[in-house]
Each structure stands twice: as structure tokens, then as C-alpha cells.
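These notes open a run of structures that come right after.
Consider the two complexes below, in which chain A is the common component and chain B and chain C are the respective partners.
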Partner chain A sequence: MQQFVTAILVITVGGLLAWLTGRLKSLSVVIGTGSCVGGGLLALIPATEILMSGGQAAEIVLNLPLGAATMKLDAVSAFFSLPVIVLGSLAAVYAAATSHYDKHECGGYWFFYCLLMASMLFLTASANAVLFLMAWEIMSVAAFFLIIHRDEIASARNAAWRFLVASHVGTAGLFIMFAIISAHCGSFEFACFTRTPVSAETASLVFFLALFGFGVKVGLLPLHVWMPDSYAFADAHVSAVLSGAMSKMGFYGLIRVLMFLPVHSASWGWALAFGGLLTGVFALITALAQHDLKKVIAYSSMENAGIIMMGLGCAILAGIWKVPALAFAALTGSLLHVLNHAACKGLLFLGSGAAYFGTGTRKLEAMGGLAKTMPYTAMFFGIGAAAISGLPPFNSFISEFMIFLAGLQAARLGTSSALLLAGVILAGLGLIGGLAMATFSRTFGLVFLGASRSDKKVEPRESDWLVRLPMAILVLVIFLLALLSPFILIPVARVASMIAAASGVTFTPENAMLNIQPVMIAATISFFFMLFVVLVWRLRSRFFSGGDVNDRCTWDCGFAAPDARIQYTSSSFSQPVSEVFSSIVRPYRHGEKVAGFFPERASFRTDAPDSLLRYLYVPLFGLIDRAMVPLRALQHGRLHLYICYLAIVLLALLIWKVVAA
Partner chain B sequence: MISIHSVVFFILTLLLAPALPGIINKVKAFFGGKMGPPVLQLYYDIAKLMRKSAAYSQTASMVTRLAPVVIFFSTLGAALLVPFFFSEACCRFAGDVILMAYLLGIGRFFMVIAAMDRGSAFEGMGASREVLYSALAEPAFFCGLLVLINETGDLSLSGIFSGLSTELWRQNPAIMLLIAVSWMIVLLTENARIPVDDPNTHLELTMIHEVMILDYSSKDLGLIEYASALKLWLFSSLLVGLTITAGAVPSYLHIPVFMLGMCAVAVIIGCVESTIARLRLIHIPKFIVGSGALAIIALILKIAGN
Partner chain C sequence: MNSIATLLALSCIFLLGSSRLLMSIRMVAFQGLLLGILPLAAAGDSHLSLALIFLSLASIALKSILLPWLLNKAMVDSGTRREIEPFISFGASMLLGLFLLAVSGWIVDKLQATEPVPSPVTLIAGFYLVFSGLLLLITRRKALTQTLGFLVLENGVFTAGLSLGSEFSVMVELGILLDVFVGIFLMGIMLFHIDREFDHLDADRFNELSDLEIAASPDEEVTE
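Up next is the complex of A and B:
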């Protein structure tokens, strides 16, 4: 525990030093990176120790002016600190390696980056509502300053403000939620929350407030609108941390709250299962219509949050139905998906950043053919794309497989509600998997394959080895998570049983074996599949490629001079999907029609803003804005009148106090 | 764990799979009043392709060269998990059907990115359609499957299909028929048959599967053609296992009855292809979603019946 706190301090102090030395850019970068990596390594040791042993670290009690506050690192916190540590350190290295592209002042940027990482570690370790909310606020504010880094771009400013508003609306829900629980037990300590019995109505109120508050961070369906723009306008390494680590803190919070409430209600499970399904499908349909590389990846974060939520919902329902084997598969699967998604998403964002530095654009319509000029980045991104689509032999397949397995077990249970749940999981995950495959084959194909659509004459260059190193490590992590999954599942199962134990569900070793055995076979088959593919492919190109010619032109219906312009574009690729789901995503169409026999010029472009933003939030906030106009009379900018307001309120409170007494 | 039976049946499958498209073509030729190519034509084609050397587009990258191997092995891996001849699969475990679907999925992923690799307008067109149609077909397959799991109480494909019996058809004829029809549509979609896709069309604009492999030649094309035939065999054998049911056939008749069943599926596909035209592209999603709706109706009937 001391080591973990030291790590947090190292990162924070490193951030401060990086800020102070901001004038000397290279020194500031070295201090910032060094503190993130060093602090990360320092925190990694106690976290893995706790995960491996299953024990608990000693608590630290801080004597704050508000009262004593406990910091504690248990298996659940240690588990959720892993993505923060790994992605935070790797993204810091990446940031250092790409810092010469950034012409902005870098000291403050490093400070907020370190603050973000430190606050997330602090968040996982806080076992007190006040500490938790403090860490939560620091995390949100640090993230805001990181997103608004390129504040000369109006869209980046808008994105950051939207993030700040959404984040605070969510935090308001959390304040109310923690106030309700602590009012019941009279303390802000988490240890006290778990012991306090609450009525079923209060428990439901607490759960749905938590779902709202944490749902904003994870990107639950109507609350996701800040996500695509913020991830798109932040730098690649920041997006990687925001998506891979920060949004996972939402799940951490949600799971903590579930552990406070011993008796769960079926409505929570259904809310999570259906909410997750709708989130996943909506995210992918919208992702398929996007033309900004990073927005596609951002929407996919939302989709994966949907998958994790479906798993959690299934686990809650299984706990209520007293089917531990089913709960085990669902809970372990969704926990493992947290790690898998962090690894894939980190890799994809870092890869998208490398593609951006190579080409100078994020527009899918202006990319293409990068596999020839940036072969390593292409290979890394390709692995990430296949992995995040949940395809074997990569890591996300294993976690999705476990959630699928939960669905299959639910189908066997036989009750009507279990069949419905199985239908939601199997059909829903099947559709989500298919659409994810569509999204990422499109993205990878448009960016890295084919011929370049860019009209620039400069060839993109492969990035430096230091930029590629974090990506290579993440690829390694992906393979380890996939091939060693039966072993990795053991500590994950320990975390899962700790979560389940809070609501009175105990997992027996048989439950675990029942679910881990299929994973083991699936991982083995995947491994041999990969082995055979690589082997035969090498053999084919080494010994059976005699006489092959590599200089023919692509077959285009007999047209002998194909060029990059006749390729399928991102708009054309997504047109059939947008057509089918036209009630959900409605792309704007811009351009001039083709007219006459010898058309001179014509153009076509689509643009698909988020439907909920367009049809719900913009009208809604417009309405609120108009309704609030009269209140502007109160806000006139005269300081002495503001002080007068304060005096009036205090006086009113005093009178109320006296009268009430 | 692996019985000698299932290995023999697996090898038999690998040998027989390319004959299935031959039977379909014979049926189509019969409807057209022609002799048609021999049933073994695909064997000759693949043998010829394997002897040739390949021609690649200059736009093609490593993905184009890697994809055929991935497609071949992913289909082979999926075949390990599917029960043939009313027997056990080579490998059975809880949830093997998910691995089967996702192995076919990685084959498709590579097919699609390889199509985009050559930078052709037509191949991109096929890729864009393929990903949408296959995504829409997934829920239909899984919904049908979960009703069968509920009926048989087993989580592996071998267990599910050995647990099916004529009794089940007698008790729930509507549910079983709905699943059979929806799986037939899934089969037609996944294997690029009419009315979703026309394997023999002469216009690149209207193709889906064929257009994605336009640039392939020689051994690469041979591997892909073989994988397609094997995939057709996989889906057909699931359909045969569902309709004839393992419980209804005495064990000494397993091989002949299964072969007859496979021929029957091929004849049905041939009849469908000869009698109806390919749907217009804008109607195809409705057709596939329709199959999902049938499977969901089956599920609802099952839920209501409980």
C-alpha cells in the first residue's frame, strides 16, 4: 500500500516538476515520461501482488479536516488499476516520442497528463466517498485540460466543453448517490456502506443514480455524446488513456456500488443487458458512417462498453436466479473484456496517431495505402482491428466467448426470462460482433490498404522506433492475454468471486472449471490455427511462389488504367449500412449532381453527426437556453451585488435556522 | 477424447466437400435443359489451379497473399467442430459453436480486407455488401441455436445434434420448421447463393462473394474455392442434422442417409437457384432480417410454451 501511494506521489510530483521546467522542453518531457513510467512500475508491483495472492494490502488512514478517510487496495481496485498503469506508462512513452510534432507549450500538458494518471490510481485506492469524489473530479478536470490542449481549433474547444458539462452532470448524480448511502450509515467510509442494510427502493434509487453518473463516463447510450468528439480532438496518447483507462473507471465505480448493495434487483440486470445491447448496436451503426478515423475508434469504445454492460447485467440476473456457473461466466467475461478492450483500444488509438503523423489527416477519405509506406504501423493496427472485432486468435475473442458461454448456459436454464436473456446476449452479441467486423475491416482497409487517396505529393514515412515500441508492447499484451487466457482467468476469477461474494453468491471450483475448460480448448485451437496459418503462409511464399508475377494491374471490369480515385471510399462502403439503419443514422449528403452527357464536375460527400446529439440534445439544450434567458438579469457582472446575494442567502438561512429551532 | 469415427468422417468431409457445388450445378443444368459440367468439376478446377503460378496486382500488399491461407485454415478449423454423418465432431466442448462462427468470421475479415487491398471499385463494393449481410445473418443463426440448446440441454454442437430426435419435431413442429427455414436462409446468405448472391452472374456490379476474389489466381484461388465448398458443406450438414435428426437414423445407416440428406440440400439449393431470380440489392437486407424474424418467432413460441 505504501508503495502504491508513493507511486501516486511520484507521478504527481513528476507532473509538477514537468510543469515548472516547461520552458526547457526536452527536460520537461523526460521528467514527465520518467515519472509516469517509474510511478507505473512502482504501482504495478503491489497491484500484481494483490491480484496474484488474493490478499489485501494494509489500509492507510488519512486524517483529513473532514474526518478520517481510508485508502485501501483490494483485488478489485488492483484489477482496475492495471489498465491505468500499463496504458498510462506506454502512452507516456508514445507522447515523449511524438512530442516534437507538438508546437504547443508542453509543461502544463505533462502536468495534467500526470495528474490524470495519478488521480485514476488514487481513485482506485480510495475507500472513502469523499476521497473517491475528489479523485473523480480531479480526473475529469485533468482530462478536460488534456482535451482542450489544441484550443486554437474551435471544434476541440467545443468537444472539451461538452465533455466538461457531461462529466459534471454525471458527477452531480454521483454526489446525490453517495449522499443517500452515507445518510443511511452516517459515515463516508466504503467499509461502512457495505454493512448498512437499505430498503429495496433506496437500493434501486442508488443503483440507477450510479448507472447515470458512471454511465456518462463509460458511454451508456443517451449519455455518450461527449465521447466521439473528445476522443477525436485529443492527442492519440490522451485518447488511448481516456478510452482504455478513464472510461473503465466508470465500470469500477459501478461495480463498487453493486458491492455496497447486498440485495440486487432483476430490473438492474435487465437495464444493463438491454442498455448494453442498444449502446453496442447504436455505436457501431454510427461508427460505420463516420469519416474521421478517431471517431470510428471512439464509437467502438462505446460498443465495447455495451458488451461489458451486457455481461454485468447477465451476472446480476444470474446472481438473483442463484446460478453461480452462469454468473461466473458473465462476470469473469466482462472483467476480462475490460483488460482486453484497454489493450486493443490503446493500440488502435496509438496506431491512429501514427497514421495521423504520417499523413497529416484523420479523414478516411484522404488516406489509403499506408501498409506500403508504414508496414509496422499497418501490422500493429491490423492486429488491433482484428482483435477488437472479437476474432480468434486474439484476446477479445476470449472475453466475448465467455459472455457468449453465459448466454448459452442461460438458454439451457429453461425459464422464460432466462431464454429472453439468452436471446439478448446471443443475438445481440452476434449482431454486434458482425457489425464490429464490418467497422474495423472498413477502417483498416480504408486507411492502410489499396492506393493512397491523398493528393499530397509527400510520401508518408514510418514512425520512429520509440513510437512503435509502445504499440509493439501492446501487441505482445494482446497475444499474451489471448494465448495465456486460461491462466490469466485465475486471478480474474478471484476478483469476480470477491465481487459476487458481496451479494452472497459463492463460486465453487466446479463453476470455474466448467467455464475455464472450454476457454482452454478454444485458446488451444486458436493457437494452432495461428501456427498453421503462419507456417503454411511462409512455406507458400518460400517454396511455392515460383513464377508468380507481382506487377499486374487490378482487375476493374476490363478498364486497364485503374487509379486511386476509382476505389471504394468510406462513404460508399457505409452506404448499404446507412440505408438499412436509416432510421437510426441519417447522414447529410452534400455535393453537386452529375448532369449532362459530359459532366464537368461533380462531388459527393456524406457527413453523419450523432443522431442523439442532433435530435435530442441540441433541441433540448436550446430549449433550456431559451427558458433561462430571464435569469440573465441576475447575472450582470457587478461584484458588489453578487456579495449582496450571498448576504441575502446567509440571512435567509439564519432566519430559517432560528425559526426552525 | 477424439474417436476414430469422427476423424474418418472429418477426412471423408474434406474429400467430399467439393462435390456439393457440382450437384447444385447439375440440378441447375437440368432445369436449363443442358448437360452441365461434371459433378467433379470443382476437383478438376482446384487441381488445375494448384499447378499454376499466381499473378498479383501491383497495389496488393501482404494481406492479399496471407488471406487465402487464413480463409482456408479458418474454414478447416470450423469443420473440426461440426458434427458430420450424425456422429460426433472431432472436437467438442461447451460453446464450440461460438468458436466455429468466429473462425468463419476471421476468414471473412481477411476476405474483406484482401478485397480492399487491391483498391478496386468492384471488390470494395462486394466487401461492403458482404460485411452487412453476414452481420445481419448472425442473429438468425444464434436465435435458432439457443432454442435447440434449450430443447436438448447441451452446450456443444455435437451434443445438440445428437440430442435431436423426431420426437422434437412431433412436439414442436412449428418451432423446428421456423428454425429450419431461417437456417436455410442463413445458408444461402453465408454461401453466396441465389437469391442473395449469384455465383454465376456476369456483371461485377451485382456480385458479392465472387467479386471479392476477382483478383485471385492459381493456388490462392484454389484454396479459396475449396474453403467455400467446405463452408457450404458445413452449413448443409447443420441443416441435415436439424431436419433428419440423429435420433431417427440407426447407426449402420448414418453414412448413406447423411449423403442422401446432403444431396437433398444441394438439390433444394439448385431448385431455388433455377426457379427464382436474385433479389434486388435493396431487398436483400429485408430478406435476411426476415430470416432473423423467423428465428425470433421460434424463440418467442418457445418462451410462450414454457
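Up next is the complex of A and C:
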């Protein structure tokens, strides 16, 4: 535990030093990166120790001015600190490697980056509501400053502002939630929360407040609107950390709250399952219509949050139905998916950053053909894209497979509500998987295949080895997570059983074996499949590499003079799917119709801003804005009257107190 | 002790009615002097200690010599001599001041019903100083008068604390003195800079820098 706290301190102090040395850019970068990587390694040791030994949680009691507060590193905290540690350090290396692209002063940037990482580690280790909320606030504010780094762009400012508003609205929910629980037990310590039983109504209120507060961070359906823009306008490594690590903190919080409440209610499970389903499907059909590379990836992170939520919902319902095997599959699957998604999403965001530095744009319409000039980035991005779509033999397949297994087990229970749950999970995961495939084949195809759509004559160059190193490590992590999944499942199952034990569900070894066995098979098949691919690749390069290697236009289609413009565009590729869901996505269509026998001009372009933003939040906030106009009279900027308000309130309070006495 | 408190209250009424800044500053200096004597009077002959005398001297030095001198300098440098057109006219603010005096008396009266106050007149004066300090802050345009209002408010807090007769620690009072000193010192520096940048000390026009769009009606514009 001391080591963990030291790591947090190292990162914070490193951030401060990087800020102070901001003028000497290279020194600041070295200090920032060094502290993130060093602190990450330092924190990794106790975290893995606790996960592997399954053992004793370490505690440390801080004597703060307003009472003692506990910091505690148990298996759940250690598990959720893993994505922070790994992605935080890798993204720091990536940021250092790409820092020469950045013309801004970087001291403050590194300070907030280190602060973000330190606050997330602090968050996972805090076992006190006040510490938790403090860490949560620091995390949100640090993330805000990272997003607004490119503040010369108006949209970036808007995105960061939206993030700040959304996260504070969410935090308000968390404040109320913690206030309710602490009022019940009279202390802010988590240990006290778990001991104190609350009534069913209060428990439901607490859960839904938590779902609201943490849902903002994970991107639950109507609360996700900050996500696409913020991830798009933040730098690649920042988006990687935000999506891979920070949004996972929402799940961490949700799981903690579930552990406080021993008796769960079925409505929570259904809310999570249906919320997850809607989130996943909505995210992907919107992602299909996006033209910004990073927005596509941002929506996909929302989709994965949906999958994890479905798993959690299923686990809650299984706990209520007293089916431990089902709870095991769902809970372990969703926990594993947290790790898998962090690895894939980190890789994809870093890859998108490399593509951005290569081409200077994030617009899919202006990319294309990068596989020829940036082969490594293309390979890494391709692996990430295949992995996140849940394709075997990669890691997300394993975790989605476990949630599938949960669905199949639910189907065998036979009761009507279990069948409904099975339907939600099986059909939902099927639909989400298919849409994810479509989204990522489109993205990969548009960015890396075909010919360049850009008018610029500058040839994109492959990035440096130091930029590729974090991506290569993440690819390695993906392979390890896939191939070693049966072994990784053992500590994950320990975490899951700790979570389940809080609500009185105990897993037997048979429950575990029932679910780990299919995973073992899947991992073995994945291994042989990878072996097969590698062998075929070797054979191909050995025997067929001497063939026709002329460079041809990819989309020839029998034209005499093919041209990059006859390729599929991002609008046209997704048009068939978007058309089906157009009532939900409601894309704007621009362009001129084809008219006459020999049309001279025709164009078509779709544009799909988030429909919930357009149809829910803009009218809603417009309404609030109009309703608040009369109050503007109070906010006039005159100092005298402000003091007058204060004086009147003070006097009124005094008189009230005196009269009441 | 009661006579000192009465003098404090009277000086406040004078402050509320005076338009000349120099007189106001002198009046606040006079208040500082009274406040310096007040702890000695409160302690009586038997409890006089060295620390108390030191506190009293420090208070007098700070509140009736150093700060008035600083404010005087700021006034001379900025060339502002008079408080013109306050939001509430001098007569009305004096009347309002009397009303506030009555309110303070009423509050103390009510307080006494629940718990005996050792020195009610001083407590009334303390409340009254706080209220009139706030009133000065609210109704005057010049930043200098507002600084004076702040000082009066602080004096009120000091007086109220004394009147409650609690075991006041010299260290705490010295800390408050230091606080006030730093506050007024900073205000003095700021006044100087504000005057140089804005060419006036009208606090109601400081929001020229604000990005909030305010529809200020033309009749509110003030000229020196």
C-alpha cells in the first residue's frame, strides 16, 4: 500500500516538476514521462501482488483535519487500477514521442496529464466517500484541461465545456448519493457503508443516483453527449486514457456502490441490461454515420460500455435468481471486457493519432491508402479494429463470448424473465457485434485501404519507433489477453467472487469450471488459428512473394481512367445501414440530385450529429435557458448590489435565528 | 466602556452622513483609537496585562495611524476628494443608519432574553458597526469609501467579540489585525493601480472589463 501511495506521489510531483520546467520543453517532457512510467511501474507491483495472491487488502489511514479517512487497496481496486497504470504509462510514452508535433507550451499539459493519472489511482484506492469524491473531482477537472488543450479551436472549447457541464451534473448525483448513504450510517467510510443495511427504497434511490452519476462517465445512453466531441478534440493519447481508463472509473464506482448495497433489486438489473443494449446499438448506428475517425472510435467506446453494462445487469439478475453459474459468467465476462476494451481502445486511439500525424486530418473523407505508407500503423490499427469488433482470435471475443455464455445459460433457466434476459443478451450482442464489424471494416477500409482521397501531395510518413512502441506493446497485451485468458480468468474470477460475495452470492469451483472450460477451448482454438495465420503468412512470403507486385489502383472497377474519387466514400459505405436506422440517427443529407440523361454534377453527403443532442438536449437546455432569463436581472454585474444581497441574507438569517430562539 | 461604544456608534452615523473623504478617513482613524482603548476598558484595572497593552498599542498604531495614512495617500494620489452621488443620499443613509441602530438594539434585546450579555451596549455598537460597514459598502460609489466600509465592518467584528467578554486571546486578535492590515494594504495598492488604469475610482463602473453585456442606463453614468 505504501508503494501505491508512493506511486501516486511520484506521479503528482513529477507533474508539478514538469509544469515548473515547462519552458524547457524537452526536460519537461522527460520528467512527465518518467514520472508516469516510473509511478506506473511502482503502482503495478502492489496491484498485481494483490490480484495474484487474492489476498489481504492493504490499508492506510490518513488523518485529515476533518476526521480520519481510509485508503485501501483490495482486489477490486487493484483490478481497476490496471488499465490506468498500463494505459497511463504507455500513453505518456506516446505523448513524449509525439510532443514535437505540438507547438503549445507543454508544462501545464503534462501537469494535468500526471494529475489525471494520479487522481485515477487515488480514486481506486480511496475507501472513504470524501476522498473518493475529491479524487473524482480532480480527475474530471484534469480531464477538462487536457481536452481544452487546443483551445484555439472553437469546437474544442465547446467540447471541453460540454464535458465539464456533463461531469459536474453527474457529480452532483454522486454527492447526493453519498450523502444519503452516509446519513444512514453516520460516517463517510466505505467499510461503514457495507455494514449498514438500508431500506429497499433507499437502496433503489442510491443505485439509480449512482447509475446517473457514473453513467455520465461511462457514456450511458442519454448521458453520453459529451463523449464523442471530447474524445475527438483531445489529443490521441489523452483520448486513449479518457476512454480506456477514465470511463472505467465509472464502472468501478458503480460496482463499489453495488457492493455497499447487499440486497439488490431486479429493476436495477433490467435497467442495466436494457440501458446497455440501447447504448450499444445506438452508439454503433451513430458511429456508422460519422466522418471523423476519432468520433467513430469514441462511439465505439460507448458501445463497449453498453456490453459491460449488459453483463453487469445480467449478473445482478442472476444473483437475485440465485444462479451462481450465470452470475459468474456475466460478472467475469464484463470484468474481463473492461481490461480488453481498455487495451483495444488504447491501441485504436493511439493508432488514430498516428494516422492524424501522418495525414494532418481526422476526416475519413480525406484519408485512404495509408496501409502502403504506414504499414505498421495499419497493422496495429487493423488488429485493434478486429479485436474490438469481438472477432476471434482476439481478446474481446473471449470476454464477449463469456457474456454470450451467460445468455445461453439464462436461456436454459426456462422462466419467462430469464428468457427475456437471454434474448436481450444474445440478440443484443449479435446485433452489436455485427454493427461493430460494419463500423470497423468501414473505418479501417477508408483510412488504410484504397488510394488517398486527399488533394495534398504530401506523402504521409510512417511514425517513429517510439510512437509505434506503445502500440506494439498494446498489441502484445491484446494477444496475451486472448491466449492466456484461462489463466487471467483466475484472478478476475477472484475479483468477481469478491463483488458477488458482497450481495451474498458465493461461487463454487464447479461454477467456475463450467464457464472456464469453454473459454479454454476458445483460447486454444485462437492459439491454433493464430499459428495457422502466421504459417500461411510465412508460406505466402516464402513462395509467392516473387509474383506480380505492380502497384495498381485498388478500386479499378473496369474504368479506363480510374481515379481516387471513384472509391467508396465514408457516406456511401455506410449509407445502406444508415438508411435502415435513419429514423434514429436522422442524418442531414446534402447534395444535388442526379437529373437528366447526362447529369453534369451530382453530389451526396450525409452528416450525422448526435441525435440525442439535437432532439433532447438542445431543446431542453433552450427551454431552461428561456426560463432562466428573468433571473438574469439578479446577475447584473454590479458589485454594490451583490454585497447588498449578502447583507440582506445575513441580516435575515440573524433576525430569523434571534426570533426562533 | 459604554461611553466608548456610544462614541463608536455616533462616529458611524457621522460616516454615513459625510461626503468628504478626508473627514471619513479621520473618523475611521478615530474609531481605531476608540477600539484601541476599548480592550483596556473592558479588562478593567485588575486584569491589565502586558500583552493587552501591546495589543491595544498595535491596534491604535495600525488602525488609527498607518491605515488612515495609507488611505489618505491613495486619496491624494487619485485626486478624489468627495463622495458624489451615492446610491442613497446622505440624509437617507443616516436615517437608514438610525433604523439599523434600532435593529441592532432589538436583536441584542432578543439575545438577552435567552442568554445574558455582559455588556449589551457594546454588543449593540458591534452589530451596528457591522451593519453600517455593509451599508457603506453597498451605497457608496468610490472604491475608497468602500475600503472604509470594510474597515468599519472589521471594527464591528472586533467590538462584538470584545463585548461578548469571552476569553479573547491576544494571538487571535493580533492575527485579525494582521489580516485587516494586509487586506487594506492590498486595497490601497489596488486603488492606486485601478485609478491609473481607469482614471476613476467608481466601483460601479469597474464592470467595464466584464464580458457580461450590461445595459447600463445613461442616467447612471457619473462624472467627477
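Throughout what follows, the second predicted complex is superposed on the first by the 613 of 661 C-alpha atoms of A that agree within 3 Å, B and C clash if a C-alpha of one lies under 4 Å from a C-alpha of the other, contacts with A are read in each partner's own complex, and residues count from 1 in each chain.
One rule holds for everything that comes next: a residue touches a chain if its C-beta (ideal position, glycine included) is under 8 Å from a C-beta of that chain, and two chains touch if they have at least 3 such contacts.
Keep in mind the model is a prediction, meaning the values are calculated, not measured.
**Student:** Tell me which partner touches more residues of chain A in the superposed arrangement, chain B or chain C.
**Tutor:** After superposing on chain A, more of chain A is contacted by B.
**Student:** What is the contact status of A:427 with respect to chain B (first) and chain C (second): first, second, both, or neither?
**Tutor:** first
**Student:** If you stack the two complexes on chain A, which partner ends up touching A:34: first (chain B), second (chain C), both, or neither?
**Tutor:** neither
**Student:** Classify the contacts of A:262 with the two partner chains as first (chain B alone), second (chain C alone), both, or neither.
**Tutor:** A:262 sits against neither chain B nor chain C.
**Student:** Is A:486 in contact with chain B, with chain C, with both, or with neither (first, second, both, neither)?
**Tutor:** In the superposition, A:486 contacts neither chain B nor chain C.
**Student:** Would you check which partner chain A:636 touches, where first means chain B only, second means chain C only, and both and neither mean what they say?
**Tutor:** It touches chain C, and chain B stays clear.
**Student:** Is A:659 touching anything from chain B or chain C once the two structures are fitted on A? First, second, both or neither.
**Tutor:** second
**Student:** Look at A:651 in the shared chain and tell me whether it touches chain B only, chain C only, both, or neither; answer first, second, both or neither.
**Tutor:** second
**Student:** Taking the superposition on A as described, I'd like to know which of chain B and chain C A:391 touches: first, second, both or neither.
**Tutor:** In the superposition, A:391 touches chain B alone.
**Student:** Can you check the complex and tell me which residues of chain A touch chain B?
**Tutor:** Residue positions touching the partner: 368-369, 371-372, 375, 378, 382, 386, 389-392, 397, 401, 404-405, 407-409, 411-412, 414-416, 419-420, 422-423, 426-431, 433-435, 437-438, 440-442, 444-446, 449-451, 514, 517-518, 521-522, 525-526, 529, 532-533, 536-537, 540-541, 544-557, 562, 564, 566-568, 572-577, 579-580.
**Student:** Once bound in the complex, which stretches of chain A touch chain C?
**Tutor:** 635-641, 643-644, 646-647, 650-651, 654-655, 658-659, 661
**Student:** Give the list of chain B residues in touch with chain A in this complex.
**Tutor:** So the residues of chain B in touch with chain A come to 53-63, 65-66, 69-70, 72-74, 77, 80, 91, 93-99, 101-103, 105-106, 108-109, 112-113, 115-125, 127-129, 131-132, 134-139, 141-143, 145-147, 149-150, 153-155, 204, 214-215, 218-219, 281-282, 285, 292, 296, 299, 302-304, 306.
**Student:** Could you list, by residue number, the parts of chain C that touch chain A in their complex?
**Tutor:** 87, 103, 107, 110-111, 113-114, 131, 134-135, 137-139, 141, 203-204, 206-207, 210, 212, 214
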